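For reference, chains read A, B, C and D in written order, and residue numbers begin at 1 within each chain.
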């Protein structure tokens, strides 16, 4: 547990962390460790944080809202979707495999996408007014590639992406210890007491920046009641200045 | 020229559109046409808009701020950088070639990156408090791929990416007319009077949403004086709740 | 069934097609239709073709060879892996969702990756001597992006990628019919008798080229007994000319 | 100069290495060092190797074959294109900036693409029968992402991509020395005599595998006179078994 002082600066803000590791046992997830760092910052600053380990749940494949109703297959997603809708901030965590985000992360995003045609109470797409980021760790490179994939998806369905909304850790090219390991191939790393990556300045700084920027944006949206509903409302964008009426033939 | 009424809703906001087409002659750029749609919306809503055609300028290669000073090569970039710094909103336009953004777009982003270690007046990275989007057109597919690349880069160096900050147009798989063409392979398309893509509902809607969301965020940042400078300041992030002090070993 | 004449040109060659659609019911998969075109070409030219619909099987998540043995979870993968190992050619099919390959495709590749440390009989990585391609269809753009992801993964674990080893179909930007549809939003398309995309010259040509190039390479490898095992054998690459012994300090 | 024995195993094979660094001065390119390792292996095995540093040349932007003829701008590309056409093997080297390949690499590939409609003597697309790979180094992560982009482009225009055709080096997440550095931030690394990355087993192995696999494929193509010209010839693919004639409506 972090020993930092607790503030109420961001009271009323909620955040959801979804770990999309492909490991059955969440205790083995290295990504969780770095996610916990970001989560702890938020908790200590007054945010209500909840964590989900995706593989603890049975999530149906498909561009469906409710796999049980729509395809007759077991599906815990609807209850996870409720948590996503209740949170101001979403952080998706993923390992890197073959340079890309995990199958579980892909599935989680597909399921969120299935709801993307829905509207919020202002008639905007569902996820408008929320803000999102991501945490990546791996035994191979690809932090930025995974991040661009995840952050793109989030903004495409309605999330706002604050500056430097991604953080991650990888080691030098080639096989090696994963984030938080104290030994590798049966031998202690260094004195065996300092988990790899925990003191990486770059990773800690980016994780800090991500956490704070997500909180700042969430608070701004809270105050502003989301993003003003003009020009971005599915049913009446033609009633305001819009691209359909413009003749672009001038330069 | 757009016939829409002009408002002052976003007076005081400025936007820069950089077209990264690889065509020497900007009059041949199809991407410019769609950029103009987005630009016209902003203009009509009171934003001060400036447009740059990157290839009208000599831009030096390299991770340098000023190619002339640092490498003795002709370089118009410093004056373009000033325009970027003066604008609240940045929209990068690119064609698609082999599924990715253009060499010119890559170069423009590299040059912006060269300044990314600099700070704004609050000690944050230089581009904090600005918001960015992109426009993509092509004769082959790749809108989303180009957008994820560009939007990732922008947020990584400090921009905030609002929801649905990308818009684009491509035709059906395979060779065919480009955005705004009225003929193809020497023959008129339809009645030869309706430029391809101009009435595509999806493209027009996305372009509209992008333009408005960029304006909404820019206005919010104007009011909020950027993003609060806590937890995201290079020189003192360790003075607030941060990832270095956290022990992540709990789940 | 194709009415083309059957040759024995590629007798002795086998191909596996894995459809990674996220639809529960494989009869609804549009991607399958285009995969079938490629498969039919191979069948007609003497290749022994097998098709797998991934979601007909329970595939465990994880970087494991056998989920049942290693994690106590139901896992049909080992029998699918046997089919992969028995085939000279692998074609992975995927739909596009949010610009990237499906969760199922990601999972299939992860599971193949779990075996990638294994060796073939010549001491090379397991998949050496095989050749791979991909088929992509979607209601949104991203053919090239999905293809670069899949083809990269295949070559990284040992497959050879022949020229133009990807083919796909998408429509104009925006929502619309999927490959093979004859109606959209309840109305017939054209005369309602010509499935969308079936006569797209670009798609047909690329599908043809992909199928033939995979067969040509597979035949070449058959004749050559795979790729010569010099300089690419895990256990003895240091015994031949190699990068470790080179001083690269000259230009 | 490497002290390894020279063989004639691959006599008659030629390779071209194009370094797409964005540094004006090629002596500062870290990527060149790793490219030199791969090049040395080929040289020592009898391949005729030529190296190009792209920024030593003035390359015009645009989807043009000859910028001077087509757009009246200075353009050295036509002579570089000749070298590409003369080589059996192409290796593209690039640094990583913001997780993607360099602007110069993007430009080089665009220019190669401009010729991709041309045909070889067998009526296939121009680059059929050649084989390609890539070398990536960086101060930030993205080896696989850059590689998937480059290798995809190469195979799309006609190159064959052998197994493990990419190699690279990056350090641990965050700023740090680049490949081949012996000091960082003014201080020697270790004893200051061992350039960073030179002894990385993973990088050396992958570089070795890439070099050998490119040579093996090139030799195979030499013997086979390229890829058989059936089913992949632009002007007569409809005369053989093809996707246009297939009814895919069976599963």
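Everything that follows uses one rule, which is that a contact is a pair of C-beta atoms (placed from the backbone, for glycine too) under 8 Å apart; a residue touches a chain by one contact, two chains touch by 3 or more.
Just so you know, these numbers come straight off a predicted model, no measurement behind them.
Colleague: Superimpose the Cα atoms of chain A on the matching ones in chain B and note the rotation angle, 0 to 180, in steps of 5 degrees.
Modeller: 180
Colleague: Suppose chain centres are the mean of their C-alpha atoms. Which chain sits farthest from chain B?
Modeller: Chain centre farthest from chain B's centre: C.
Colleague: When contacts are scored as defined above, which chain pair ends up with more C-beta pairs, B-C or C-D?
Modeller: C-D
Colleague: Let me have the rounded angstrom distance from the C-alpha centre of chain C over to the C-alpha centre of chain D, please.
Modeller: 23
Colleague: Please work out the Cα centroid separation of chain A and chain C, and write it as a whole number of Å.
Modeller: Whole-Å distance between the two chain centres: 30.
Colleague: Measure off the straight-line distance from the CA centroid of chain B to the CA centroid of chain C, and report it in whole Å.
Modeller: From the centre of chain B to the centre of chain C is 35 Å.
Colleague: Quick one: which residues in chain D touch 2 or more of the other chains?
Modeller: Correct list: 98-99, 144, 148-149, 152, 156-157, 201, 203.
Colleague: Quick one: in the complex, what on chain B touches chain A?
Modeller: 1-5, 7, 26-27, 32-38, 40-41, 44-45, 51, 124-125, 127-128, 144, 147-149, 151-152, 155-167, 180, 195, 198-199, 201, 203-205, 207-209, 211-213, 215-217, 220, 224, 227-228, 230-232, 234, 237, 240-251
Colleague: Quick check on the complex: what are the chain A residues that touch chain C?
Modeller: 22-25, 55, 61-63, 71, 73, 97-104, 106-107, 109-110, 113, 149, 152-153, 156-157
Colleague: Which chain C residues qualify as touching chain B in the complex?
Modeller: For this pair, the touching residues of chain C are 98-99, 140-145, 148, 168-175, 197, 200-203.
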